[in-house]
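What follows is a set of structures to go through.
Both of the next two complexes hold subunit A, though its partner changes from subunit B to subunit C.
For the complex of A and B:
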């Protein structure tokens, strides 16, 4: 299923999906999923529960075969599933020895550095470690395999706020050092600003939006003004709300044009990532759009 | 210098970094000749994506505030607020006069703020409506 991806144009593609589909019995968990993730990006995979995030990652990492379309990644892929699997009777040191045997490329120093950074005891059985510590062992294993593409399913779940911040910083340092591409799924959208630079938004097994985060956000603006049927600027209305004397619109501005200036009774508001994601997900719940 | 990202801000992360460097220049925390932290340092200390830091540094370079020197880092090239103090004083006097006029016309602070903002943004995009 996994095919080699050839570079396209001057930006190399790290992960590619073409009309990707996966079915569990008669139900499609993923359908018509097409995107190119450029190399060296940190991409956030976002969507409601059951949107197909885990299915997409499992197919992309080659652990599940797709039923439709094709997927490919450049180089070696490491995938850490949501369960952060470790062998309960193995110590962290033994897990690393396993990593050294199972992987074609292995960077022992890198894996050990990760464990040391988070003060994980090397000689204790993993089953006796806390959930957060087990997650660090799973991360160390993935990092030690020096992947070109690292896929993490809910890496920050079950970590306390401080550990979340430290794991994020450490992960981004690894990206800066090695140039690897990261695809991580998460529910904690508010914590993604400055962390992710690429967004893949899934809803009901379909890709709702995808692309460079800054570009996506720059092209979406909120407008509030007097009650009216249309926003004060040309563009696609993503969401609209009206009450007796006020209307607000979330507008997707046409690509490649400078941001229009609104005057008079309208005010404009830049969106946070969370605003954008929630508005997009809401459109699918009402059955509008995709 | 230490960067931080306000995740509740609608301002893109890279522009927040740009703003923080400009602020450091304005406040005198950074002066011409100073070196900005390396991309890796910012990533490790602030948990910001390297692409975001690079984008911010590129933006600062484009506006002529910093320059990248091959192999040695990114350095502050020129300061902000280097405007002639006399010119600044003259501008301030005229602005104060204008504000007084606006107040006499019945505008409150929010009205004035909105008016100034609309004039400032006029140059940045295409007016519609």
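For the complex of A and C:
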């Protein structure tokens, strides 16, 4: 589906959202969501259950209209929803036929290669395939349509651990070959290590953080040292924990400055993606209570 | 320019065409279409066979009991009524709701096709098929009823009778279009197949009964006819008059309505009764539609259902377009 809402300049932005809002009756599922996803990235859309990930994806893919703001993706978007739906009476080959019939660009070889890679029988009705196999058919359909932007809602949810790793690997090789942009949502952060290079963090319908993953992680540092009210470096405290004689801080360093050197009793620790996401999500839980 | 490293050619074209929608519609609905088609062909075959035999022999081959051609034809005239309901309940009601239930609307609308284009394709292709089936069914039945009427002194299927009136192909087409639109609207609104089918069936029959029973007699103001009792009683049952008597009553000389047995109660024979009625100045007042109104009425009924269908199609499209959830 093509959903060019507004022309995006030559800054090579693949997906853009401006003050995006979407509500279900009076309840806002998504609010004030603004971001630019550069082309060719693999972006992870992370958030707790009910954070608005699916809503954001359905709006970005053009399946739902926004109530506020605007959203747009450059070029053709393929969306695979959480349920990985397929027509139960269609065989996998017929699902590919559907892809060929209903898309203006179709790469049959690529789609078939995906199915072959995961040993999906071509002539069996999809209703008789396992949930994981149905998901592979849905992926093959999306891959075959050669989208500019591929949106996957919880792509790894009903796959076994081995299939998860294989799907991620295949996906990355598709990205490398075609240069498409991928936006995938998950609430299992551990799945993302080494996959995503861009992060969009959602909580309670709002965008908590977003940006290049390496940059985000480089700008956030954990410090542990003697009990103290303030961290040893200037910056925004994202999280702080104190016990009797020790304090630890998660600090967002000011942008554009070299990483300060700390000495003495303080030790610094680089963050993993999981640390970072969990710390951020925790702040919203506290914030919600305050 | 970047050189492509893909060995197999990537198919590229400017748009998704009608042929593609036709492929999808046929692939998804082929058994429903074939099943309905087989029933239509069976009914049409039977009707035309009986019509041909009746024409050839000048006889409706009435056997003992009900199972002559007239009885069979009476059974067959239910087919058109049922056909519209079949379209509504089995073709249209699941059309969107099944996609919503199985979430496959997300698959098909995520391809290079908008929901409205997809829906238009399905409605046009299924609609044309359904209307063609309906018209074919109607034509065959009209032929059968005409053949039977032809060889009977008193035609068993007068033109304004429900069977004859509704068998007209344009009326049938109207019912089919209405059925499709009604089922589709409930399908879009409820998003659940079983409730959509149930509501569609109920509302289809309520609407049909209301138009046929309550409204059709008054599509136009019926003509009033006053005739002396004697003349009226002679004309009853001759079948010469093809007009449609909507209602009638006895009236005294002053024109007031009277009940049948309020007058001339002490007579012993039919002749005496008629004479008494005539002498008392009793008239029969009737309201009727002349035969010239038959075809206009049929077109009007078609129009009524076409307008309803258009409204319901619009509702379904707007509902899909403005969906608040996926």
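Remarks
Just so it is clear, the second predicted complex is superposed on the first by the 276 of 290 C-alpha atoms of A that agree within 3 Å, B and C clash if a C-alpha of one lies under 4 Å from a C-alpha of the other, contacts with A are read in each partner's own complex, and residues count from 1 in each chain.
Simple rule for what comes next: a contact is a pair of C-beta atoms (placed from the backbone, for glycine too) under 8 Å apart; a residue touches a chain by one contact, two chains touch by 3 or more.
Only a predicted model underlies this, so the values are computations on that prediction, with no experimental measurement involved.
Superimposing the complexes on subunit A yields a three-chain arrangement in which subunit B and subunit C fit side by side.
In the superposed model, A:259 makes contact with subunit B only, not with subunit C. Of the two partner chains, subunit B and subunit C are each touched by A:177. Judged by the touch definition given at the top, the superposed model places A:194 against subunit B, while subunit C stays out of reach. Once the two complexes are laid over each other on the shared chain, residue contacts for A:275 go to subunit B alone; subunit C is not touched.
Applying the stated contact rule after C-alpha superposition, one finds that A:235 touches neither subunit B nor subunit C.
By the touch criterion defined above, A:210 lies against neither subunit B nor subunit C after alignment on the C-alpha atoms of chain A. Superposing the two structures on chain A brings subunit B to within 12 Å of subunit C, judged by their nearest Cα atoms. When both complexes are aligned on chain A by C-alpha atoms, subunit A residues 177 touch subunit B in the first and subunit C in the second. Per the touch definition, subunit A reaches subunit B in the complex via residues 40-42, 165, 168-170, 172-173, 175-177, 190-197, 213-214, 217-218, 232-234, 257-264, 266, 269-272, 275.
The part of subunit C that touches subunit A in the complex is made up of residues 5-8, 10-16, 20, 23-24, 27-28, 102-104, 106-114, 322-326.
Residue ranges of subunit A in contact with subunit C, taken from their complex: 1-2, 24-25, 58, 61, 63-65, 76-81, 83, 85-90, 94, 97-110, 138, 141-142, 145-146, 177. Residues of subunit B touching subunit A in their complex: 5, 7-14, 16, 39-40, 43-52, 55, 118, 121-122, 124-129.
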